[in-house]
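In order of appearance the chains are A, B and C, and numbering begins at 1 in each one.
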Amino acid sequence: MAKDYQQDFGSVITSRTSFIDEIINLARKSSIFYLLFGLACCGIELMQTGGPRADIDRFGSVPRATPRQSDLMIVAGTLTYKMAERCRLLFEQMAEPKYVISMGSCASCGGLFQYAYSVCKGVDKLIPVDIYVPGCPPRPEALTEGLLRVQDKIVRERWFSERQKIGQVRPGLGVDYKVTA
Amino acid sequence: MQAFLDSLIRNAGHDPATWPWTQFVYLAAMGAVSFAVINFAAITAGIFSWAERRVAARMQSRVGPNRVGPGGFLQWVADAVKLLLKEDLVPDEADQFLFRIAPYFMMVGFACVFVCLPFSHRLIVADMNVGIFYILAVTALIVVGIIMSGWSSNSKWSLFGAIRSAAQIISYEIPAGMALMIPVMLAGTLSTQGIIRAQGGWPWQWYVFNNPAALVAFLIYFISALAEGNRTPFDLPEAESELVSGYNTEYSGMRFSYFFLVEWGNMWIMSALASTMFFGGWQIPGLSPEHFDALTGGVAVLAEVASLAIFAFKTLIFVFIVMWLRWTLPRIRVDQMMNMCWKYLVPASFAGVLFVGVWMLIVHAAPWIGLVMRLGLTAAGALGVTLFALRTLKNIRDTGDKFDFTSNW
Amino acid sequence: MAEQLAPQRQAPGAFDSYTKPVRDTAKSFWEGMSITLSYMFRKPMTTQYPDRMSVPVSQTIPARYRGFLEVDMDICTACQACERACPIAVINIDIVKGDGKSRPKLNMERFDIDIGKCMYCGLCVEPCPTGAIQHTREFEGATMNFNNLTLRFVPPAAAPWPAYKVPKGSEAFPRRPLGEITRNLMHAWDAPPPPFPTDAEIAELDKKADHGKPKVAGLDPAAMGRQLAAKALEVKADKPKLQKVLEEAMAGTDCGDCGYPDCFGYSDAIAQGKESSTEKCAPGGADSKAMLETILVSLKTGVVPGPAQPDAAKPEAASPAAAEAKPSGPPLAQTLSKEELYKVVLEAMAGTDCGDCEYPDCDGYTKGIVYEGQKDLDRCAPGGEDSRAKLYEIMLGTKPPPK
């Protein structure tokens, strides 16, 4: 992992950002439009996150119905194999730079339905996931924290050509800057 | 504008008719003015997007964007920077040329309206004698842009949205145009500044309270303007639950931001037009346009700023009402939309034009009838606003809540 | 039919039906717009997580909220009841058995909970005999790496972790404050990665590791004992060198518990043959004792004991009767007295007092088998196949039937 880390993520995550990068990142992190992609019960909690109590709009995140205009795909719920094709398609329709949150156990690894014949064992088998939010389903606050993590990631990035390259080299791999306990 | 430039040239000691550089001065002034106008349009549209999100949030008991800048005011800058930096996707099977050019048609149709839109007593790009006619004409360019974008995207959602939009905008142009004819008849001119000058500073001098037909005409104009601007409850072309995002479904990044900008910029246009035609525009109460013209020196500048502020205030109130309506009403069905236009608004606007014709004859014969009607309608309007405010306060108190606008920002 | 029943005078005329939508519109505008405006002038109900809240969100969550799981390893009996209760195999516990002397009888090599997969149903909390596993009110675990969502309650450095032995008759168990452990594990993810050690630091670490304090180095005491024994045999004649080898087997804390002023004194006394007790090194504990014994035995015999010896010899030594009984027919149940049989049977069980056997504890189940004629020998879940084989061997003298 250490070698991969250096190779793939070193230049994006650990490099210093210039002043102009910081301004750009400040704007980008405050305007994360998310794609409405509720698949199961997590979708309800996703709606609640946009609702009055949690109000993700405070961070400049509004839902968009079309993938072309969204920056963040929140995969909320059980991803069946049939939906997996659509998920991949929608992700590919999004414009760079794009991010993915895998919300809840089912999206992260199949969760409760892991042994079901029809359920995809994790959305990271299909598309690169940036943030995993645990929970079944996660509280709105937990999803908000996931969004803040995406913001953390954005402010560390240099401009997205680097990122695009990485997505092609290692799809389906989150960045490991945390240390396991 | 031209007169102003001519006077500048004269002050410099040249004759504008014979001086060889006159045309260059005109050209430079045109460039500067169009730059200023487009920037004004873009910045107001941006600020409205933030304001709309805050208003929407408050009405839904939320907070809204409050992290970028004071109270989230710079949210629109963040949105703009992000949209400009995003990848500009053109679908493989789209009609590349039309797809790329469609947003510019919308931008042109939108920006051209500002030529005839007054801002204050002297601040107007060109006070054309066919102002209203010009505005109604160039607004139609937006439809062309919408249909182009819907067709060229090669997506069924886009096409549905575009065709709905075309049907809607063309239908509603008829009642909107007829309703605008009523102030035109009352003022006897098509020039926007002329219509403002024909009104007065006090509410009973406004055309909206001139006679019952004018009041109805204002309502018809407002409804039609909502429909033409694709605002809720007429946002059928972008109906998210039915058509993904309507005609702009396939647009991303900067090109999408043009659609974005036109939608919010249109709010200024429709509101400015409403305050121009029906609400006395920039007129300062107690200061007639003739006196205004005669002012000189610092007082003139002060009055100019005051008129600008009054006009902006009236316009912003209508902008707020447009936002307020959006978060109050659900979207109506296509058949309801068409019903409303052809069965109610069109007949009512025609009847209104006839009524105003007769009314003008009556007032000409007996001016006191006009005065009584104006004062009566103004009082009725004030009563309505008061009752509405009381009703709102009662709504707050009935739920055991209290009036609180400042906390939890 | 319906038209006839409806009162005729309320049937709308043409004018009414034409103006009704207008009236409805006006009325709904009046009502609706005043409602939305009234909300505009009220305080929004948003709780501005995470930074602008009057009360932290963790305090607004109900006490019985089912958040991330937490295990207090200090009171975990390693009964694996939670692992068995989990319907989707979120909990993984690896058990290693010890001999009960140099190492506790029941140890956990691993206690992992995959909260990325967990469905927060609470089924694991219910069977826990000591309340070691609980739901906390923690919910913030967003991470960039899915592997981080596996909570390792046995820190890899501290494995194997000894199981908690429930004192007889205890009702309440001391538990650390709920949420503390999980929170620490979560915060560990956020910590920046430790800097890479320089070459000099690595050399320093190597030196320290070489010094070989029995506890600190974390080596297998048996293997180390054999190493030291081999060294001791080489320098058998040279007393000062032998002393050094012996001192390596001790904790090296110079605590003076052994009655000598320091480790040198104790090890020198053994080397000189003045001291024969191997039990005096208190900080070294069982490990030191075992190592010293190994060294002394090998010094006496002149042979280093084989690697398999301590493990292989002990179970047989623990139950010599079982070893005798094996070849011949009658099972232990028929040869031993009830008291002796009770001890043997109790020995065969996992000893976690988990209660899965429907007896309150292991003691109860053993009494049931020995005194009350309980025929079902399959009930010891934590002991698994191991315990089952032993019980069948003891009670029936046969191999257990396949499940």
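The rule we apply is simple: a residue touches a chain if its C-beta (ideal position, glycine included) is under 8 Å from a C-beta of that chain, and two chains touch if they have at least 3 such contacts.
None of the values given here were measured: they were computed from a predicted structure.
Distance from each chain's C-alpha mean to the overall C-alpha mean is smallest for A. Among the pairs B-C and A-B, the greater number of C-beta contacts is found at A-B. Rounded to whole angstrom, the centroid-to-centroid distance between chain A and chain C, based on C-alpha atoms, equals 33 Å.
Taking each chain's centre as the mean of its C-alpha atoms, chain B lies 69 Å from chain C. One finds 39 Å separating the Cα centroids of chain A and chain B. Counting partner chains per residue, chain C has residues 44-46, 48 touching two or more of them.
The set of chain B residues that touch two or more partner chains comprises 57, 60-63.
Shared interface positions of chain A, i.e. residues touching 2 or more other chains, are given as 52, 55, 58.
On the side of chain A, the complex with chain B involves touching residues 23-24, 26-28, 30-31, 51-52, 55, 57-60, 62, 64-66, 68-69, 71, 93, 95-97.
Of all the residues in chain B, the ones that touch chain C in their complex are 55, 57-63, 324-325, 327-329, 340, 343-344, 388, 391-393, 395-396, 401-405, 407-408. Across the complex, chain A is touched by residues 53, 57, 60-68, 72, 75, 77-83, 85-89, 240, 244-245, 248-253, 256 of chain B.
Residues 52-55, 58, 101, 105, 108-112, 114-115, 122, 124, 129-136, 138-139, 141-142, 144-146, 148-149, 153, 174-181 of chain A touch chain C in their complex. Looking at the complex, you find that chain C touches chain A at residues 44-50, 57, 68, 88, 114-120, 139-152, 155, 184-185, 188-191, 193-194.
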